[in-house]
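Here chain A shows up in two complexes: once beside chain B, once beside chain C.
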Partner chain A sequence: MISRRDTIVGYLVLSLAALISLGPLLGVVILSLGEPGKVGIRIDIAKATNFGNYADVWEKGDFGAAIQTSAIITIVVVVLSVALSIPAGYAFALMNFPGRTAIFALLVLGILMPLESMIVPLYLDMRRFNLDNNYWSVILPQIGFSVAFGAFWMRAFFVQSARSLMEAAWIDGANTWRTLTKVLLPLARPQMLTLAVLFFVWNWNDFLLPLVMLSGSDLQTAPMALVNFEGARRTDFAYLGAASLITIAPVIIVFMLLQRSFTRGILAGSIKE
Partner chain B sequence: MSQRVTFDGVSVTYPGMTSPAVSNLDLEVAEGEFLVLVGPSGCGKSTGLRAVAGLEPVSSGRILIGDRDVTGVAAKDRDIAMVFQNYALYPHMTVAENMGFALKIAKTPKAEMTRRVEEAARLLDLHDYLDRRPKALSGGQRQRVAMGRAIVREPAVFLMDEPLSNLDAKLRVQTRTQIATLQRRLGTTTIYVTHDQVEAMTMGDRVAVLRDGVLQQVATPDELYQSPVNAFVAQFIGSPSMNLVEVPIVDGGVDLGECRVSVTRDILSLAGSPRVLLGVRPEDLRIDDGGALMRVQLVEALGADTYVYGTITTPDGDVTMVVRTTPATRPSIGDVVGVRPERFYVFSAEGEQRRLG
Partner chain C sequence: MPGEARSVAYLYILPAALIYALFVFIPFIHSIYLSFFKGNGVTRMEFVGIDNYIDIVTNPVLRSAFVHAFELIVFYSLIPIAIGLFLASVLHRSRIRGVAFYRTALFLPYVIAPTAIAVIWRWILAPRGPLNSFLEAVGLGALAQPWLGDFTWALPSVGMVGTWVMFGLVLALLLAGVQKIPLELYEAARLDGAGPWMEFRAVTLPGLRYEIVVALVLTVTAALRNFDIIYVMTSGGPGNATVVPSYLVYQQAFKVAQIGAAAAMGTVLIAVIVAANLLIARAGRRDA
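Moving on to the complex of A and B:
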């Protein structure tokens, strides 16, 4: 039973949290509309009228191409990673095969390894396969990192999803593929969408890997384009703010489109425990 | 086509366990029969059922459906339908889709599928709910959808794993009758698992009692009640349970407290020990001044029947007894009354506690 006092306290805490996370973003919005060419950070709402900054930045940073590159990489990574995480998670959760525990342990170890520790050998490998300065030099390692987490995540779903539902499907004559696609995955939609959003955010924001892999080519991702606005000695903060918002806009849009699906629990009513 | 089911020396041992969950089970379920597997929790009844379904691998022995050995056959190819304890309805499908899922997989023609789903829905009074999702149904309706899903398959065998245990008491009694009637109408071989001996007795053509994975006795409900093979079956079947008292053998019979119960020498000679178990059903104890003295501790008046609980002092200490009596002859708490067995059973006090007479 939630008392009235608990509700009020809950709202207060959540409002404070919202303020803390939204405050800086609001600052960046005001900053991005400030007068270009000025030195230093000025957050002045009265002068926040320079909407032209966005067009300038778009032009100067070549954001059209950068966002396209980011989108190609991110979409391919998200789609393939989710598609591969599902069967991997299913196998780890429900199939008995020799070495299951060992392989899963190895996978978890992969999640724990920081990218920085393997970026150099990774680059050398990509160059040996003639994949450097190519989309695949970013996409393939990203899929590797993502599936490690994705298999872990989907395994958790398959382990806790009702075993009797699966058994009911087998008895109804469904094979593994059909049980997975017609019975389990419709229930896993919130998990799959959450995974897709996480992959999207991680990949879109990733800077180091594309920087190392693509620096010899014309290709640049949105975060790479953003960095061009940070000068060595002098930074135009109005432009930097505008460029930041352009870079993160797709993430915000994707998150807003999908966030409602997270909470939709559709398992209700299926089984009575 | 309904088929018979044969357990031929079936054992199931779970990985990592030393003793089998089901041990060397030999049992034949006749075509069209309603067989109930009953026993306390952990006795292996569900495991046995799941072995027929193909959900548990058999460690040794064979399972036959009709004349076909299905021991190594996948669940989906066994032509069985199962009703789960938690119903296991597909939450994202409507009632009609739930019931038709198996037919869809079997590529049944659409018209035929609709006909069979509607027929099952009519039989189970689900016609108005065909477009609903499981979460919009009551517990009883969900249970019926689970039944419907089994019926539309027209399988060789129905397997039911405690299908009523999630319903409230009143609905359980109602549904019990419905399932039994339906099964007789469809004539499909059914194996039904329950821990509730009342369900077993009221529904089954025959009842198989299991204990620790071992089949104790399989017989009609009446036969189980009248002639249990051992003390376990005797005590498991019947409510309240049969009174079981370990008593010393004396000249001409046994002593229950101060009351001598005469037992023939032939029976007592089988005991092989100086003591036996005396079993008396509550309805076979009569309140009688010449009987064993019982101090009344609790009186349960249930209307037609009254159950009197009390203790009898024996040389080994006090034992609790239950007596069924009528409201007219009911004693009060604290009274000391005499009770005399009119019918009784004698079991060996050792080993499997087999019935001697």
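Moving on to the complex of A and C:
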């Protein structure tokens, strides 16, 4: 029994909620097109025509290089993390070996671990082995955190959907590797895509790790470039608005294109018991 | 056969486990070790036992960081879940089309970089920013504040940003859950003479148990970690009004070179996060 009135109330409430979520972001779009260098920060949609702000910010904040650095780091992390999570989740789900429960528990602990709790020795060790101030100093720890969740996520998929299929494949004489690559991976595509989107969003947005690891180099990620730019021009809000949008644009594009995969990942916790 | 012992399993696990061990787990153990020392990490470190942990309890600034983190849970977690539960119970009878659009909008604040969120909200909360202009425009100019510069309002202001980030995520989660509760349950409750409050307690709340647990895990963990937004918006200020554990870890390690103190702070932080998650998981099971 769903009345018309209930549905209208539903649309109204959801629209209001969506407006609250989107409002500040739409405000920033208008802000970013305002007159730069002015201390006044009221936004005026009629004067929001300074598209040149984006070119200025791109150049002054060195965003071209920063986006490139972020893209290199994030893509390497996403590809390697997905690639390593699959075999790990497969083994945890479907094979029996001494230490399985203990190793899995230690790995899953990584999902909860805040980077803050190990950033100090991580930095000291990286510096000792001269690994700091390059791409790998950010990539390797990011992979470490990503595979903790990734192995957990892929294991859940293999446990749920793979057991009987795999038994059939093994009876047919396929070895474990062929079973994984020929039988299971084609089925796991949606799960892999979800994992890739989550890894992309998390690692693109990551700030503390690159802040610490790249502090002694010319390398900076997009969020670092934004914060540095912000530190230099704390009240030039038109420029800051443009810089914020440049920083988040790649994530917003990926999120819009793959929204279903992302929400499935977040909602999954509520679907499985 | 499945379940058969296979040593080949170690090969499948090795690459992921190795990187995790080297760059996450061993540094974590190393951090616990360092927390029993004093020093700058370059010259010789001096063993001081549990002094760094005693400092966290006795030093008012260090202690206040954890108090602030718990206050932020109210804004990141409790307020969004309260709003979400209220709206979900109002909306349980509507079957909305175009859910994808609403979900995208509601998830967006959760997806974008916290550093960018901080820059955006520093503008909104600026002394002559949109929030104060709005308050003046509607005749509430007396409420206008230098939000982030005020000792009383700085922490709630940062918390409000967390509420904005989390409420859409929580609402989308709870709405997805409430749509799965069979309408017959509501009909049955109504036939038994249940009012809206009984209906909420007897049908909606139990039906959303898993969604509430997931929402709690995501939001409480985010509230306790919360580095980027504090770093950009307040740097812990004014005074120490908004210092939080993760910010103090960074500040002590990389600004004042107190390696041991930073490591102890980080260790207590992870203990609090793990304890909070275990508590949430247990509460979720007990209500079953």
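Just so it is clear, the second predicted complex is superposed on the first by the 232 of 273 C-alpha atoms of A that agree within 3 Å, B and C clash if a C-alpha of one lies under 4 Å from a C-alpha of the other, contacts with A are read in each partner's own complex, and residues count from 1 in each chain.
As a working rule, a residue touches a chain if its C-beta (ideal position, glycine included) is under 8 Å from a C-beta of that chain, and two chains touch if they have at least 3 such contacts.
Every value quoted in this text rests on a predicted model; they were computed, and no experiment measured them.
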item	value
First, second, both or neither for A:Ala168, with chain B first and chain C second	first
First, second, both or neither for A:Ser244, with chain B first and chain C second	second
Partner contacting more residues of chain A (chain B vs chain C)	C
First (chain B), second (chain C), both or neither touched by A:Gly34	neither
First (chain B), second (chain C), both or neither touched by A:Leu122	second
Contacts of A:Val183 with chain B and chain C, given as first, second, both or neither	first
Partner chain(s) touched by A:Ile43 [first = chain B, second = chain C, both, neither]	second
First (chain B), second (chain C), both or neither touched by A:Ser3	second
Footprint overlap on chain A, comparing chain B with chain C	167, 170, 266-267, 269-270, 273
Residues of chain A touching chain B in the complex	162, 164-165, 167-175, 178, 182-183, 186-187, 266-273
Of all residues in chain C, those that touch chain A in their complex	1-10, 12-13, 15-17, 19-20, 22-25, 27-28, 30-31, 34, 41, 87, 90-91, 93-96, 100-109, 111-116, 119-124, 126, 128-130, 133, 164, 167-169, 171-173, 176-177, 183, 187, 210-211, 213-214, 217-218, 221, 224-225, 227-228, 231-232, 245-246, 249-250, 253-254, 259, 262-263, 266-267, 269-270, 273-274, 277
Residues on chain A engaged by chain C in the complex (per definition of touch)	1-3, 6-7, 9-11, 13-14, 17-18, 20-22, 24-25, 27-28, 31, 40-43, 84-85, 87-88, 90-92, 94-98, 100, 103, 106-107, 109-110, 112-114, 116-125, 140-141, 143-145, 147-148, 150-151, 163, 166-167, 170, 176, 201, 204-205, 207-208, 212, 215, 222-223, 226-227, 230, 235, 237, 240-241, 243-245, 247-248, 251-252, 255-256, 259-260, 262-263, 266-267, 269-270, 273
In the complex, chain B residues that touch chain A	53-55, 74-78, 80-82, 84-92, 101-102, 105-106, 133-137, 139, 142, 149, 153, 166
